[in-house]
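Quick heads-up: structures coming right below.
After this come two complexes, each holding chain A, first together with chain B and then together with chain C.
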Partner chain A sequence: MTTLTESPAPQTPPVDHEALARRAAARNKRRVKSVIFHAVAVGATIVVLYPAAWMLFASMKPNSDIIGNTQLIPDVWTAEHYTTALSGIGGVSFWTFFNNSLLLAVLSVVGTVLSSTVAAYAFARIDFPGRGPLFAVMIGTLLLPFHVTIIPQYILFNNLGMVNTYYPLLLPKFLAAEAFFVFLMIQFIRGIPRSLDEAARIDGCGHGRIFFRIILPLMRPAIVTSSIFTFIWSWNDFLGPLLYLKDPALYTMPIALRQYVDQTSVSDYGAQMAMAVLALLPVMIFFVVFQRFLINGVATQGIKG
Partner chain B sequence: MRITRKAAGAAAATAAVALVLTACSGGGDDSAEGGEEGGDVTLTVAWWGNDDRAARYEESIDLFEEANPGITVQTQFQDWENYWTARNTEAAGQSLPDVFQMDLSYLRQYGGTGQLADLSEYTGSQIDTSGFEEALLSSGTIEGAQYGIPTSQNTLALFYNQDVLDTIGVDPLEPGYTWDDFNAFIAEASEAGAGEDPAIYGSGDYTGTFWFFLQWYLQQGEQPFTEDGQLNFDEAAVTEFLNLASELREAGQLYPTERAVQLAPLGGFTSNEAAAEASWDNFLAGYISDSGTENIHMLPMPSGDNGPQQFWKPSMLLSSSANSEHPEEAAELISFLVNDPQVGEIFGTSKGVPAVAAQRDAMNVEEGSVDATVLEYEESVAADVTESAPLPVEGFGSIEAEWMRLAEELGYGNITVDEFVEQWFAFANDAVGQS
Partner chain C sequence: MASIDPGAPVAVPGQPAPAQHLQRTDAETPLPSPRPAKRKYKREDIRSGYLFLSPWIIGFVGLTAFPMIASLYLAFTDYDLFTSPQWVGFDNFVDLFNDPRFIQSAQVTAGYVLLGTPIKLGAALAVAMLLNMKHRGQGAYRSIFYAPSLIGASVSIAIVWKAMFIDDGIVDRVQQSVGIDIGGWVGNPAFSLPMLILLGVWGFGAPMVIFLAGLKQIPAELYEAAECDGAGPVRKFWNITLPMLSPVLFFNLLLETIAAFQVFSSAYIISGGTGGPAGSTMFYTLYLYLRGFQDFQMGYASAMAWVLVSVIAVITVILFRSSKGWVHYTGDER
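After this line comes the complex of A and B, so read on.
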């Protein structure tokens, strides 16, 4: 960062030895700073990545070496944990869990994007009656701790007969219940000049066309940011699937991950680690592919303020 | 701006798309439940455990389904902690599974709030209890209502690792040893193991487990809980128990808490850094697989004035939801799981030693196997089992956890024994409630 923001010394046409020396000194200083910066960055990366590396190597160690042995690189390499993990649990195959997670994550993204953009447009651009109070209620749901609503929500879905289906996990996404994303998008739309809407209006556009032709294309950074977060959150969600899914054939990856470990009986840590590695892959791929957009999105967000 | 008709139309279209998409997601559920068609009754069953236990349950339940063509069983399982998170939420929604594994420490909480069916209605008809010992069966009752049927039993034991003792050159304890002998043993082993790398200790702080206190208190000739579910011991008793190990604690001869926390989920004993540990006898399988040695042996608990005075604890029970739509079929399934010899053969001692003799006899016990060792141990201590299990009070799970937490603080040296006692009672008086 420092190297980038430092402005180069001013260029002066006549040869000025003093200036040259100063420039050399500045260059040296910059180089030292750059070395220190990179050393710190590499150090921090190692610290951050160590647990992931540990997990990766642990998944290839025999069970008895995983815990209690502090050595990172295994003495004996084994792939048996991956065979165990891929063979599934309790008669349900690994790919069922994987597909369930993927289905939930993708539909969550679709639902969140569809509903949040529409809701955000309404809040940001349409002056409908009761907008103020409704906005306050929406922000209120942001402040409400998640744990307060678990039991009422469960009872609600139970009475609707929706327990042991994906509805409790997906319906809120399609109904813009994720206030965080709605709020994020409202702020984004507020940053888009109103004169664009007005120009469209003069050309005869109604709300529908303004939304689809003007606002939606401009919201791409906010949509991408929301999609990435929704995907990752949904993929990693544990409590929701734990409470609402009863049938092992409907379980998601994070639930399946926990099935190998139980303190009251023998635990298969190796299989759990292997499963964790496999569970991490899609999120990592997703992140690598979309991180460019994520950073863009956040950066644009920052400017719009 | 005002809402235009077009905008409303667009919103409606979006909503319709949303509904269609959720409907698609529902499609997956149908296929998963497809196997149930043809069955008249569907029972839901839940247990805690790992994939190994799941395989055993599935096998047993397949047998049940074969024998009862009209009944389909839908199973689910979680690990211990998440199991109770899920059950607590279901209890709030009055939708507990038809049959589910119950632990003694939660029995009063669920039974007392009307969540569990009184199974005594079905004993003699759907549930065959003829193979049970009365004392064990009654451990599943609260004020006459049979809220749980014990599947298996276990009792406390002191495990020692002969390999570790050989390393440090210390002899194991002999049956009939007292709490003082146990202290002396820990001190000797910790002293001998101090030079090892990593250092070897005699044992962890045994006063940190609530059940050991209960065992010790029974040896004092007292019942820890009253009939109506209150605590039946005072500060002085807890202080006396905690002070049993105070010399070792001050001398640093107990397995250090810092190290135990670092090694979690393994412990000092399973890392071969502590020579002995007291626990439930069915932990043997886990100990052997985690520590990597089969040279682990079992002794009865330390004796009080009248011997060890141990008790059978139902290692788990099966309960049925009070809101079950098919209580009779649920009762039949419970009876099948606790009585059927084939089920006994499938589970072995993985849930503890089966409560019913027919299941015990059906087990294929190999000479020298874990199952054989546990069975032998239970036979050898049978004469020392003179007490019935104390029926835990409501909130037992939380006071037990608080005891463990304070014990950790005590191990770190953050609190004194007196502070432990004071804080624990403050918590327990609140948690147990004044019903």
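After this line comes the complex of A and C, so read on.
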């Protein structure tokens, strides 16, 4: 980065033409490389962002222009699709779906943070019999495909009378079922100096106080990262709500969106696009605000996207 | 840790009364512990450890371990959720391999994994290397390229993809203008899977960020030394970048392969839950869902789940075994 700042080279009084020429050539080479870099990067940006831009503009085009018109920017701008989308589906208000998704996402964050932090503290800081094998088991669940538990879990929740409630979607969050976050937090706690614990221990603190007074406040970055990912994954989750929510009044945004696509005729692409944009809006806001946390979380812990 | 005997009251200057009750609330138990063989663990640690871990343990037993055992049992039964399971032995597994739709779902998923994962990782590595050239704006590009991986599996994007690749949609129109009319990718069995692979590749940002973090760890001296020895960009890539990046590559390969087996929502949305056209997007997960939750053949679906788990386990073992040959860990780290 610093090599690119084009501050004039320090001018020493006796002008060494050869050195200047060499420097100019190097600078030119650097500049050419920079132009090529940006040309390729901008090209990639256009390709990557095109579907998102297309969605956004399509939601503001008249229906006749969405399919079959290759022009990205609308000739005629319209907000009617948003009015249609906001009017709800099958008598249920748009805001019902939105609030359902929000409620689930917020409670998922609460559950994940509560359960993952305590589990991570136990794995990272407490020396108890069976810790090693249990840790190995937890890492093993990272690689386990969900298929093998989804059917018996459904049977279990069905027998407990929890189908068509939010419990099947929330209970796993409160029981630290997403091992990724436990692992992320273990890694984070391992970076906190043990001398802090020991000082507190000398002051007479037990694990409860060490955790709540010392470790938990220091874990804020890991908690923020986990919270954002939990929120986004819960918000986007499709299979869980598809399995467990039958009553349209309980639907989340993705399920409502699917319902919408199934119900509306092919020609009403505009309203579908508007609904799709609205369903992604919170995720995009989260991304813009917290991108640094998200990308650092991926870069250091390898969280799947 | 072991420096303090929890039984002995610790007199700390400035702390009038050491809060002993916080160290051991069961004050009636005489310490040191009466179990000499286990004196390695402190009583408080054992209790606190399991207390702190209890949510996870309950979750693991109730939501993973018990369901796995139940699923293994169900795989050998006929069960429709309403009448009790009937033991059928290996019938489900025999039926599986005689079921053309199952075979097709395995083929579709294998195609997706074998084509999609290398393309996605290749794109991720290429873009990561581009961004690692350390020009201005690197951070902004990184954020932009990362964004799709957050939303790629969402219903919204599946709908967008369908609208873009449908007959007479924008992709089809562009193709028509150059004289290739295939009638849209959505309805064409030869193109519907490539369309979903493209959607998967669009989410290259997450492995890209991991690659980029790995590239930044490679010491610049290695490249400088290679340049002194006259190595060109290709040699540098094969002899420095790739070996140094191999742990990260292994990590990405493992996670992306396992994730690719689990694709569901995009295929469900784009095909309207049918896996069409002509079964060309009948992903393994989609077929499992249809068998289990539409036909309520829970036993059959459980057998499918265990076949998948076995396949993923074998692939994981093969990857770990092979990694000894191509993954290089630099000695000084962990």
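Going forward, the second predicted complex is superposed on the first by the 242 of 305 C-alpha atoms of A that agree within 3 Å, B and C clash if a C-alpha of one lies under 4 Å from a C-alpha of the other, contacts with A are read in each partner's own complex, and residues count from 1 in each chain.
By our rule, contacts are C-beta pairs under 8 Å (C-beta built on N, C-alpha and C of every residue); 3 or more make two chains touch, one makes a residue touch a chain.
As the structure is a prediction and not an experimental result, all values here were calculated from the model.
Visitor: Put the two structures on top of each other at chain A: do chain B and chain C fit, or clash?
Guide: clash
Visitor: Does chain B (first) or chain C (second) touch A:Pro248, or do both, or does neither?
Guide: First partner only, chain B.
Visitor: Please work out whether A:Gly206 is in contact with chain B alone, chain C alone, both, or neither, and reply first, second, both or neither.
Guide: So A:Gly206 meets both chain B and chain C here.
Visitor: Contacts for A:Ala53 in the overlay, against chain B (first) and chain C (second): which applies, first, second, both or neither?
Guide: Neither chain B nor chain C is touched by A:Ala53.
Visitor: Applying the touch criterion given at the start, work out whether A:Ala26 contacts chain B, chain C, both or neither, answering first, second, both or neither.
Guide: Neither partner.
Visitor: Which one hits more chain A residues, chain B or chain C?
Guide: C
Visitor: A:Leu171 in the overlay: touching chain B, chain C, both, or neither? Say first, second, both or neither.
Guide: Both partners, chain B and chain C.
Visitor: With the two structures laid over each other on chain A, which partner does A:Gln259 touch: chain B (first), chain C (second), both, or neither?
Guide: Once the two structures are laid over each other on A, A:Gln259 reaches chain B alone.
Visitor: Kindly classify A:Val163 by the partners it touches after superposition: chain B alone (first), chain C alone (second), both, or neither?
Guide: It touches chain B, and chain C stays clear.
Visitor: Of the two partner chains, chain B (first) and chain C (second), which one does A:Asp268 touch, if any: first, second, both, or neither?
Guide: A:Asp268 sits against chain B, while chain C stays out of touch.
Visitor: Touch check for A:Ser34: first (chain B), second (chain C), both, or neither?
Guide: In the superposed model, A:Ser34 contacts chain C only, not chain B.
Visitor: Among 22-30, 148-156, 238-246 or 400-408, indicate the stretch of chain B whose C-alpha atoms run into chain C.
Guide: After superposing on chain A, the clashing stretch of chain B is 400-408.
Visitor: Enumerate the residues of chain A that count as touching chain B in its complex and touching chain C in the other.
Guide: Residues 67-68, 114-115, 118, 122, 126-128, 150-151, 154-155, 158, 171, 174-175, 206-209, 211, 239, 242-243, 258, 261-262, which sit in both footprints.
Visitor: Which residues of chain C touch chain A once you look at their complex with the stated criterion?
Guide: Residues of chain C touching chain A: 1, 3-4, 10, 12, 15, 18-20, 22-23, 38, 41-42, 44-46, 48-50, 52-53, 55-60, 62-64, 66-68, 70-71, 74, 81, 127, 130-131, 133-138, 141-157, 159-161, 163-164, 166, 168-170, 173-174, 177, 202-203, 205-206, 209-210, 212-213, 251-252, 254-255, 258-259, 261-262, 264-265, 268-269, 272, 285, 288-289, 292-293, 298, 301-302, 304-306, 308-309, 312, 316.
Visitor: Touching residues of chain B toward chain A in the complex: what are they?
Guide: Residue positions touching the partner: 1-4, 6-7, 9-11, 14, 17-19, 21-22, 24-26, 28-29, 32-33, 44, 46, 48-55, 58, 74-80, 82, 85-86, 89-90, 92-95, 97, 263, 265-266, 270-271, 285-286, 289-290, 292, 350.
Visitor: Quick one: in the complex, what on chain A touches chain B?
Guide: Answer in residue numbers: 63-64, 67-68, 89-91, 100, 103-104, 107, 110-111, 114-115, 118, 122, 125-128, 150-151, 154-155, 158-159, 163-167, 170-171, 174-175, 206-209, 211-212, 239, 242-243, 246-250, 255, 258-268, 271.
Visitor: Applying the document's contact rule, which stretches of chain A touch chain C when the two form their complex?
Guide: 1, 3-4, 33-34, 37-38, 40-41, 44-45, 48-49, 51-52, 54-55, 58, 66-70, 114-115, 118-119, 121-123, 126-129, 131, 134, 137-138, 141, 143-156, 158, 171-172, 174-177, 182, 194, 198, 201-209, 211, 232, 236, 238-239, 242-243, 254, 257-258, 261-262, 269, 272-273, 275-277, 279-280, 283-284, 287, 291, 294-295, 298-300, 302-305
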